[in-house]
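Next come two complexes, and both contain chain A; in the first it sits with chain B, in the second with chain C.
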Partner chain A sequence: MRSRRFPATALVVRRAAALTLRAATFVVCAATTLRAQDTEPDRLARLDQNSRITIQILLDSAEAAGLPARALRSIALEGVSKKADSRAIVSAVRQEFTLLRTARATLGPVDPEELTAAAALLRAGAKPAQLASFRVRQKGRSDLQAFTIWADLITRGVPSEDASSAITKLWEDGADDATFVSLWNNVQSDILRGLNPGTALQNRIRETPGRPPATKGPPEGQQENERSE
Partner chain B sequence: MTDSDQLHPYVEWIIREARRPVVSDAEARDRVMAAIHAEPVPRRIGVWQRIFAPRVFSLSPVTGALLAAGLVGIGVIAGVFTSNRDGRASVEQPPVAQVVRPAVSDTVVKFVISLPRAQQVSLVGDFNDWDVAKTPMARSAHGGLWTVTLPLSAGRHVYAFVVDGSSWIADPSAPFAPDDGFGHANSVKIVGRGSSL
Partner chain C sequence: MNEPKVAILSLTVALLVPAPRGLAAQIVSKFEAGQYSVSDGVLPASTIRLAPTFQFEMPHARISARGSAFLSDQQLQIADGIVSGTFTSPTVYGVRAEMIGNASRAVDERSLGTDQVDVQTRVHVLFRQNGGVWLGGGVARPWRIAVVSSADVTDAGAWAKVGEPTATFGVATLTTTFTNFSFSKIASVHDTSSASLSCSTAAPMVAVSSEMRALLSESTGVSACERQSHFSDLEAALRWEVGALELSAQMGHRFGDSYDVTPDSRRWTSATATIWLTDRVAIIGGGGRQPALPLRGLPARSFGMAGLEIAYSPISKTAVPVSLPHAVLVRNFETRPAANGMQKIIIRVGGVEAVDVMGDFSDWSPLTLTRRGRDLWELALPLSPGMHQINVRVDGGPWMPPPGMPTMRDAFNGEVGLLVVNRDRGSH
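What follows is the complex of A and B.
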């Protein structure tokens, strides 16, 4: 070997190789650590082990039952962010699971968004039987807006029965999303002006005409940009 | 064995042969010397020659693998420090309203709330895993308005604002979502489906 002709050089080269090897090992370890930190940690890991396992079982059960597990996970993460007690988080997730199952039993196979809105409505205080009118619907018609307004009205203090009959009547009369939004805007402004929530709804529902359902809506996925202002 | 008389005859013969002068052919001697002079004189090896002269190394397979992994690691480190996850340059940005290129099916939504006394406002919801650090809002130039713009998929989204890292408030301009059991009201945003909520 030619390196034997220059023993000093060979020694330097060997030392350099060893140094490079050590540096490379360090770089690999550092890179692995940085990559691990860059990967987003699971925020549910903040829960204690029992709660985490229970929630994971509920998520798996929801998926197996064809229910939107994303809604359950969202509630768990909301609880973590709000620094709620682990038991409260598990209880909220379990309740959501039950509500989703009840909503689907009532409405039949609807899309996950509508199912989540229906579950929220049941949590607000509506009874499953009150959702029965929404089981049959025209193709392409969504009850998402109606359920959202309905849940809001109950949350703002409108008696559940009053909200149910008002929204159901509008729905059966073929009201579109804009009608529900308009009703909500009017009732909300009346409540903010100090009117009793139930009275505000009764007043506004009288002046809200039912409309025939739109015969042709926009194609799915083709939505205009919107602003919440 | 100082007395040569005591040496073995064979040894004595070797000594005699060794002492006998070698008679070489003068012509042959000249040829040998000429051949020696024809050889180039070894030059002094310089620093550059030492550096650039090819060498043969021997590395074990494990050492070679570690060396290769190290080189890959250097590339990873370079990648980490020169770009962030979405491939943009990692330049520190002030917390301004996010304008992210939306997916084809997403809708760009602007969230606005008036909080003149707030020092810091964040938007949290099911679209960002309720992470307070993910979507900071920007204060407008004219005072108390806080805004953020982000793409959302069509459907129902539940959200809230977090003021100064601790106070959770619902959007007063949107429908309320019933309490999930955590003691704070949320708001609902319906995206797409022709809604203006």
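What follows is the complex of A and C.
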């Protein structure tokens, strides 16, 4: 027999190789099974039954109230993807529902994407009353960029009041998207250089001129988003 | 020599053709050409070497083909070719399985050339993307080798990312590998120089192929039998990538008795430097010593090389077999309007094997970007107008907000990037 001539070390090596092969096969099988479970079509099915029911009630309530239910579902799916526990996901969906309702009460009947952005801003730390200035705007003017920069400033540690007054001032002065982005770039670089976030914003807002709206003359089709509730 | 010329030319042209953009998997290719010199061994002392490479990547599989040819004395001759397949399981609790198969042929001027098929499996344990250890085993079956009939290979290794990756320091990876080769060796019955030699006049003759026996008998004038041999390689490798410069160095030591390990293969050292002039063109230079590869019938050799690499979508030089360390240096993130109302996400990050994004636009399911250059990754998405939340990750690492864009806390103690797409489809 050929194996009789193998030294003991060679046999150990062969057994180790065989063992490794079996272990690898086991891991492949286990991982494939788990992977298959990962690709279930409805990822919300991973939640426990009570959580699923609660989320479904919130989705139905949002639709009944004319709020974008898709935003609520997105929050739930985000929680699933980020492996949050069921209670945290339900809590986040419930909070999002409240924020959407608050945003609409403040801004009026705006587009779903605008409402979702406003809700994100409220989640970042803005106060509902601070959104009031955005209730009135020129037709075709978008507040998405302003909301985005505002949310980021709060996240970076700028006091909510300071961020609110700076963004509101620029908005009322008719600043365009590029102005908001420029302000953000400047503040960010100052913060990275070690400046206090609030101070950085104060310094930069002084040197950021508000630009007139792109359309000249009296704002045509200025729309009032006032909503009777 | 017409056939090799036509084959190499065809392969080269095919590799430089851009891959279809809609392809789910990625096709990457590169073409190396340069001067290659050896002081000993089977290659001519100085050659022009051409080395086209082709690679097809999927999330859990990679198939690659590589060949090389050298031009010497106005003759273009194929030097070697290899087709490899690597399959990795999903990572579960930091553990994954890897299976690697290779089929290769090495050709030289002095022998008929050798063929080899080898299969290896590994269990790889990853430590938070900063390091890992693996243990594996497999078999190799060479053909047309005068002295080896088969081999069992056991290997173990560890790798670690050295230091914190920064824009100045870059990414360095240190790898240590221990590989044990245990193989059946065809030997002369009169060769008794090794204590472990099991071939003696008393030992039964084994089924050595008649070709091999004839070859051995012709050279030594004696009959042949089979004995068991083994040697082990311990190798340390360092790979350092900073900016446009990539450095790699290896040094190793071979353990084994003198019958199996020749003195010129006891120790080896080599180093290579690559300087990327653009995303797709690089200068390569290096040299050192390579140990003998008894399983392939190749002797030890010293070499020096200098060349140019042209890549359509360059293949990363994997410091660690199968797995790369995770670089968190996403250098740049931007979006641009693309055709058909789509938005193209463009990310620049080097030294990684996979880049994913997810956000509300994908219902928070990961989407894999396609590599378009050495450190360029792209993905076209139908982003609707509005504020989108987005995360990015490299090599299955943690989800992070993309750099250079506004961010906010998400609802789950993480952070997301905020991407605005206006109604005119411009994005900020």
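As a working rule, the second predicted complex is superposed on the first by the 175 of 229 C-alpha atoms of A that agree within 3 Å, B and C clash if a C-alpha of one lies under 4 Å from a C-alpha of the other, contacts with A are read in each partner's own complex, and residues count from 1 in each chain.
The criterion applied here is as follows: a residue touches a chain if its C-beta (ideal position, glycine included) is under 8 Å from a C-beta of that chain, and two chains touch if they have at least 3 such contacts.
What you see is a predicted model, and the numbers here were worked out from it, not measured in a lab.
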(message) In the overlaid three-chain picture, which partner chain does A:Trp184 touch, first (chain B) or second (chain C), both, or neither?
(response) both
(message) Can you give me the overlap between the chain B contact set and the chain C contact set on chain A?
(response) 2, 6, 9-10, 13, 17, 20-21, 23-25, 27-28, 30-32, 34-35, 38, 43, 71, 74-75, 77-82, 84, 88, 92, 95-96, 112-113, 116-117, 120, 123-124, 142, 144-145, 148-149, 151-152, 154-155, 177, 181, 184
(request) State the interface residues of chain A toward chain B in the complex, per the touch definition above. (result) 1-3, 6, 9-10, 13, 17, 20-21, 23-25, 27-28, 30-32, 34-35, 38, 43, 70-71, 74-75, 77-82, 84, 88, 91-92, 95-96, 112-113, 116-117, 120-121, 123-125, 142, 144-145, 148-149, 151-152, 154-156, 177-178, 181, 184, 217-218, 221, 223-229
(message) List the residues on chain C that touch chain A in their complex, please.
(response) 89-92, 95-99, 121-123, 135-139, 152-154, 180, 182, 184, 196, 198, 203, 206, 226-228, 230, 358, 360, 363-366, 384-387, 389, 399, 406-412, 414-415, 418, 420, 422-423, 428
(request) Using the touch rule from the top, collect the residues of chain B that touch chain A in their complex. (result) 45, 50, 53-57, 59, 63, 66-67, 69-74, 76-77, 80, 85, 105, 107-112, 124, 126, 129-132, 154-156, 158, 168, 171, 173-186, 188-197
(request) In the complex, go through chain A and note every residue touching chain C. (result) 2, 5-7, 9-10, 13-14, 16-21, 23-25, 27-28, 30-32, 34-35, 38, 43, 71, 73-75, 77-82, 84, 88, 92, 95-96, 111-114, 116-117, 120, 123-124, 142, 144-145, 147-149, 151-152, 154-155, 177, 181, 184
